[in-house]
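Here the structure comes first, spelled out in structure tokens, and everything after it is commentary.
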Amino acid sequence: MFIVKYIKDVFSGIKSLLVGMRRTGYYFTHHKEIITEQYPDNRDTLVMADRFKGEVVLLHDENNEHACTGCTACELACPNATIKIVTKFDITPEGKKKKALDKFVYHLELCTMCNLCIIACPTDAIKMAQTFEHSVYDRAELTKILNKPDSKIREGVE
Amino acid sequence: MNNASNNSESANPPLGGGGAAEGFPGEIQEVPGGGIVLSKLDDVINWARSNSLWPLTFATSCCGIEYMAVAGAKYDFSRFGFEVARASPRQADVIIIAGTIVNKMGPVLKRLYDQMGDPKYVIAMGACAISGGPFFYNTYSVVKGADHIIPVDVYVAGCPPRPEALLHALISLQEKIKKGMTREQIKSGI
Amino acid sequence: MWSLTNISTGIHDWLIQTFNPTWALIIEMVIAGIAVIGLFAVLGLVLVLMERRVAAWMQIRLGPNRVGPFGLLQSAADTVKLLVKEGMTPDGADKFLFNLAPFIAMMVAMLLMVPIAFAKDFQLWDLNIGVLYVSAVSSIMVISILMAGWASNNKYSLMGAMRSGAQIVSYELSAGLSILTIVVLTGSLNINDIIIAQADGWWIFKGHIPVIISFVIFIIAVTAETNRAPFDLAEAESELTSGFHTEYSGMKFALFFLAEYINVFIVCAIGATLFLGGWMPFHIGNWESFNHVMDYIPSSIWFFGKTFFLIFVIMWFRWTFPRLRIDQLLNLEWRYLLPISMFNLLLATAIAILGWHF
Amino acid sequence: MFRETEIVKDVSSIPPFPQDAVQGGGGAGDLIINVGPQHPATHGVLHLVITLNGETIKKVEPHLGYIHRSIEKMCESLTYRQFIYVTSRMDYLSAHINNHACALCVEKGMQIEVPDRAQVIRVIMDELTRIASHELWWGAMAMDIGAFTPFFHAFREREKINEIMEETCGARLTMNYYVPGGLRADMHPDFQKKVKEFIVLFKRKIDEYDELVTGNIIFINRMKGVGMLSKEDAVSFGCSGPAARGSGVHCDIRKLYPYAVYDKVEFDEILETGCDSLARYMVRIREMKQSVRIIEQLIDHIPEGDFQAKTKAVLKLPKGEFYTRVETARGELGVYIVSEGATTPYRIKFRSPGFSNLSALDSMARGSKLGDLVAMMGTLDLVIPDIDR
């Protein structure tokens, strides 16, 4: 019958609306369901997953030595030329010329954190750091030189 | 979290901008003993502007999803008052370029920027918006950085950046506005 | 007991004693004007913040909490920002109408303040046709929206304005009919009379089912009239970017923004007055002692408490429901709300004539 | 629907852009509006030129290219190890599945046997990605039709998946976890525990989705009978994925051409016969439950062994043509590689689901209201970089 169906429609419609309102009302009154993490306040306790890929860093030990031989394997592996290795020739004590790393230029603004350079590195000289706060006011600051000044290659790394 | 960073001096660098604060070109030097009232008013205005950055709902690709995640409940940029995302550029204050800008999109981006009312700010989010990112060398159609089209205030690297990184960029932008160093503020001479 | 009434009568008496009656009246008008504008500012700040908090908590997040203590200064920051933001007028717009529209929206909201009783004997003007005045003036709102949409020279704005026109004109009907239910029961259009008639219980309790139905219809209709979700077709963000105020920026946009919230406040105040007794405390028939205890709570708190409850309900709608489509919107009015409220009015009239209400 | 092409002799006779867009559709009283490239409903930078009569849609013409990044061309200059990561940016919501398709294609060419462990983890990851994608779709679609709250509730569960992804793959969205021959790294020790926790949470929360959206009368009215796509049309437009399954087309690649370990797990192919937006909506909601079912079957039975097959340092596909297809969250993704035997592909073509699904939009939208258009686009679940590539 028309009128019965009409009234049924009205009531089932109102009921479905009330069900939705009950759900939002539940969350309105239950503040323990809030899942917000207050970012700048939790900086000290924020732990990134250890596999998180934030940026490429060249590992230096306490003697300011790294393991990069300047072989350019990472440069070749990088799909978008994020890494540029500039090499120089050191004179070894024996008087031989030896290729060594001069500058490890890293374009963070190009990097897509794909991890291919890390896989390619034969000496595990580079790794992914867990930093993520990369915002700067000037684009040029994102181009970094990863080897520290006066750092040199660790003994025995070939 | 900074356990492996070799280029930040302290374990926890101060928030707001990757160290570009000093010597930023065009920085306004304070005049000793002058303009107290005006500078106080400016402080109030800058405070208001920095705390009420309404973003434009503009996302082109992957970074847009992380932008949505920032809007989402876990990261919640409404805590800073950024949640009034405006679909109309007339009412927006900050345009977050979330994603690749290709040559066809370039004029549209410029137009959107022009349609926004002063003061307006730009955040380039992710590798594509900063420099073309993965599409820098091997493609024919991608703009090599959104700053070729419109001036960018804050760059945030990543592909895509974490939501926290975008929040960091927004806080950096707030700092920049409070210091009166954005392009808009320098242009209008306040 | 401290109340708004004492303050207003005190000021009035002092003015009458100090100045001659004409000057006293003029000064009173100025004071009232300033008070209304002040109330607007406060309401705007409070309601915007309230909306953002309600939204946040329903969406399992925190909401503004970093600007000022507990984020209380958030809407102040927004206001200052909007004040100093560039207000543009598009080149192709009809500049006069474009700039006029937000002020009309604001003026309508201000005019609607006139007959509202904020507390016992605290009213700008005790109009004898208060209810009629409200329903008449509130429909001027659509003019500002149409004006804004048409003058913007933007297709989105125009479509938003047209939707809004169709919507407000239709929902006026059922809003008016549900108001009439109370008018029929009370026998007066005067807002104060309606409130006094609820001294032994609010209409929603003593008016049986017809009043409850008309209350529900009223809430739905005014939600639609104020262009709030789920009836926010005029500014449907995912369809028309921002609808009728797409081209507005800066302070002109802020006026629309503010007018929306003020309108919500006013319709909720009317709803609270008609159905929930306005400033009248919660009285039950002849429980004299209970009624006496209730009287200790100031009447202004009763009024604002009820109004904000209704505002909360309308916000609750907004953050729960999806938006209707334009034809469904009109269907809802013409096929459901209007017949039901007409039938309901008949019932209410019968009740009023037969004196069946409590 | 298609514009007639003819040889234009006089260049000046070509009308400028807006008029150009409405040829064949425009008439007196018609309103032409441009939705996009920046518009909240397009989820990106799609440009739709819509011819309206009042509120009724007469014609929808999508304009593409606003996010054309020439990924196909770019892949020709990248090696087989490198090109996989770019495809994460194609359909970024099913990044894992895109990578899977490319890895499968390279593996097919190189005839690499992928270890079982890698295959099982891949399937779990794929299904998690599918859930994450559908979650985002659910929130974004609800936002399109005007409900804001579901978006936030959807992201609550999505963030859990993102945490799992981040722990194992190192990134939240564009993971780059699959390499030819297996996975880049083994799964995280906590992976199984986290996934099980997620499943428990998800099963509890999916009922809330029904309360909030599915049962809502306004929602049902917005969806029912809107955007009809008949079975014949779905087939002829080449639709795939949930968009086609909502019209009853049997097209799940996981069932039709099983890859990885999909032939060893039990799950249903979701078919709805409503042909409207509600059917497409229900397909996705039910598909999420099926994905959970697949994960539940696999999560306790991850075989021990290598996570990566031994491969050469430099991959060279033999000369020939290779095609694989997988089921992404949006439909069928085909990867077609032509190799000349070099270290880089000679030509790559992606058959992306979004492009075909978008082509059905015009026939779906005609005659409906403007408000329906966003509902249709919501249920088609378009990802624009997937369309433009």
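So that you can tell them apart, the chains are marked A, B, C and D in the order they are listed, and the count of residues begins at 1 in each.
Note that a residue touches a chain if its C-beta (ideal position, glycine included) is under 8 Å from a C-beta of that chain, and two chains touch if they have at least 3 such contacts.
The model shown is predicted, which means the values in this text are computed figures rather than measured ones.
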Most remote chain w.r.t. Subunit A, using mean C-alpha positions, is C
Any idea how many Å lie between the Cα centroids of subunit C and subunit D?
45
Counting in whole Å, what is the centre-to-centre distance of subunit B and subunit C, each centre being its mean C-alpha position?
38
What whole-number Å value describes the gap between the mean CA coordinates of subunit A and subunit B?
19
From the C-alpha centre of subunit A to that of subunit C, how far is it in Å?
50
Among subunit B residues, those touching two or more other chains are 72-74, 76, 79, 87, 134-135, 138, 159, 162
Per-residue multi-chain contacts in subunit C, two or more chains:
58-62, 237-238, 241, 319-321
Which residues does subunit A have that touch at least 2 chains other than itself?
17, 20, 23-24, 34-36, 38, 79, 112-113
Could you draw the chains as nodes, link the ones that touch, and say if you get a line, ring, star, complete or other?
complete
Subunit B to subunit A touching residues, read off their complex
1-8, 12-13, 15, 17-21, 24, 73-76, 79, 127, 130-138, 145, 147, 152-159, 161-165, 167-169, 171-172, 176, 181
In their shared complex, subunit D is touched by residues of subunit B numbered 56-62, 64-66, 68-69, 72-74, 87, 89, 99-100, 102, 104-105, 108, 112, 134-135, 138-142, 159-160, 162
Of all residues in subunit A, which touch subunit D in the complex?
12-13, 16-17, 19-20, 22-24, 35, 49, 51-53, 77, 79, 112-116, 119, 128
Which residues of subunit C touch subunit D in their complex?
55, 58-61, 155-156, 159, 163, 229-230, 232-233, 236-239, 241, 319-328
Which residues, counting only subunit A, touch subunit B once they are in their complex?
34-40, 43-44, 46-48, 54-55, 57-60, 79-81, 107-113, 127, 129-139, 141-142, 144, 146, 148
